[in-house]
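Some structures to go through are shown next.
After this come two complexes, each holding subunit A, first together with subunit B and then together with subunit C.
Let's look at the complex of A and B:
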């Protein structure tokens, strides 16, 4: 392992790989990525793989639009022969109550202003988009045909391989155990494989980003939560769009491979970093499916798993540098939607770190977004 | 037999050649190979392929097979219909 680097990126998920690639693409040298497991071994490898532009805050809309535009051509841009399996068959958001439906209407106004092709749909249109949906449980919905999902492993692998070709060094199965700070500046990083001297650390450690920040004496408002998910046996295609309801507490998509992947949240989820599975999740998930999508309840569950959401107070990510020390950059707090932000995370952070003219303005996503609780813009559309 | 004719994972249709190529490119744990190929993600959840893949990793990298990890075991132990779980029923399909 190197004992000196210009940039140490902590975390080999989609964020770390995309940041590494974008730094190298802009000519930066001596970049290393430290990952305690393997590439994609964190939340990215556990996620629901959905990408959507139907958000309620302007920033989330802009970030996802930028990323989805990129994903449309990512396989070519990253020269990834295997392809990243991007399927754009839309997201159908379903409203269970009139107040939820009103929120969708407000969100669509924000989305339209950002150039996002979303629209409000009636109960009847929802039934056409998803004939197996029990529309007695909904009052209406919203739809955006450009939303969809893609393979998170291949997407991350594409960034990883492209970064590697540009000279980035990856150290999997290596854990960061400490960060040395001297006179208010980052000096280096301790790992299970040795010490690396470096002036810049990029913290994109997902559910562990607050712990990494703390190693340098930095406090960030990121709290982790376990989120559970399951997959069924594969069957012939019956559901093109991802279906998602916030009140009904479900997201469910049929993957290209044919299996159904679904998840929901639970307010009492574990926050200690564990990613074990519980029977309670299986019980709640199956009951929701059984009433909302009876056809799907005929399918067998073959695996359930879990990953971490890294939540911020307003469910928008943090792109910034730390205040307390010089040299720590933050790309974290993705609040359950960081996979889809992969491309924009890389571009925005590389611009910030290298002092380039910003390709996209992410200034509103600095730590100061949390300083005044009364003006906090809270993302309403999160499962 | 040529190794591209040997199927290692019947659920996800992965050949011995796919596995060998990935190991040679540095994807040398079960979890990494799984994420690229879907091996072990199918109905059998690795019950057929795990030992075959681990043996291949051991032979090609020289690491002792005892030191290699399979994927995490997760529920459910066998496939169970969602509706059966929801209703607390018995899966009576013979």
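Let's look at the complex of A and C:
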């Protein structure tokens, strides 16, 4: 292991790999990535694999549009022969109440202004898009045909390999145990494999980013919560689009392989970092599917897993440097959407760290977005 | 093949049933699984693997391996090794992952 580096990135998920790649691409040297488990072993590897542009805040719309545009050509850009299995089959958002439908209408206005091809759909159109949907439970919906899904493992691997080719060193199964700060500056990182002296640390540790920040005396408004998922046996494709409802509390997608991947949230989810599965989730999920998508309730469940959402007060990510110490950069608090924002995270953070002209303006996503609670713009579209 | 005589076990077969495998009429007995009846009718090919399209046959016989999944009366992915045979059942081999109906 190196004992000195210019940049230490903490977290080997899509964000860490994308930041490493973009730093190296812009000519930065001596970059290391430290990952507690294996590359893609945290929340990226546990995510639902969907990517969408249908958001309620302008910033989230811009970040996701940038990322989806990138994902369209990512395999070529990253020279990844395997491909990342990106399929744009759309996201059908379903509104259970008139107020939720009104929110969708407001969101579509924001999305349109960002150049996102989303539209409001009636109950009848929703039925055409998803014939097995019980439309008695909805009042309407929204659809964006450019939304879709891709393989999180292959995508992260594509960034990882591209970064490696550019000289980035990766240390999997290495845990950060402390961060040394001297005179208000980052001096180095203690890990289970040794000490690395470095002036810059990039914190993209997902559900553990607040703990990492704390090691340097930095407080960030990021709270983790467990989110659970289950997957069914595979069948011949019947549902091209992701179906997602916020009031109904469900997202459900048929994967390329034919299995259905679905999840929902629970306000009482564990916040201690555990990623175990519960029978309560299986029970709640099954009941929702049974009424909303009765056809799919016939399928067997193959397995369950869980990952961590790193929530911020407004469900928008943080791209900034820490105030308390010099040298710690923050790319965290993705609020369940870090995989979707992977490409933009890498570009925006590399620009910020290297002091380049910003490719995309992410200034509104600094820590100051949380300083005045009365002006906080809260993302409404989160499951 | 059916075991007719066994040193320890005795077989009390139920009444004879008629079922159809890919449209072909076959006989089985009440109380036996679909797979037991198919096997006794000397059919070994039950379907094809979904990725590589290789032939699949009877394997674990206890509902674990998914090798014997067939479409029964229109329902896909039925584990025929643990499902009992019924009169008039229509069993079909699956060439793919099964169609949800």
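Just so it is clear, the second predicted complex is superposed on the first by the 383 of 383 C-alpha atoms of A that agree within 3 Å, B and C clash if a C-alpha of one lies under 4 Å from a C-alpha of the other, contacts with A are read in each partner's own complex, and residues count from 1 in each chain.
Methods note: a contact is a pair of C-beta atoms (placed from the backbone, for glycine too) under 8 Å apart; a residue touches a chain by one contact, two chains touch by 3 or more.
All values reported here derive from a predicted model rather than from experimental measurement.
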For A:270, using the defined touch cut-off, is the partner it touches subunit B, subunit C, both, or neither? Pick first, second, both or neither.
neither
On subunit A, which partner touches more residues: subunit B or subunit C?
B
Return first, second, both or neither, reflecting whether A:298 touches subunit B, subunit C, both chains, or no partner chain.
both
Which of subunit B and subunit C A:114 touches, first, second, both or neither
neither
Applying the document's definition of touch, where does A:41 land relative to subunit B and subunit C: first, second, both, or neither?
first
For A:233, is the partner it touches subunit B (first), subunit C (second), both, or none of the two (neither)?
both
May I ask you to decide whether A:258 touches subunit B, subunit C, both, or neither, giving the answer as first, second, both or neither?
second
Just which bits of subunit A does subunit B share with subunit C as contact spots?
233-234, 296, 298-300
Over in the complex, which subunit B residues touch subunit A? Could you list them?
12, 29, 31-32, 35-36, 38, 41-43, 45, 72, 74-76, 79-83, 85-87
Spell out the part of subunit A that touches subunit B in their complex, as residue ranges.
37-41, 45, 153-154, 157, 231-234, 257, 277, 279, 282-283, 285-287, 289-290, 294, 296-305
Within the complex, subunit C is touched by subunit A residues 233-236, 238, 258, 295-296, 298-300
Within the complex, subunit A is touched by subunit C residues 50, 75-77, 96-101
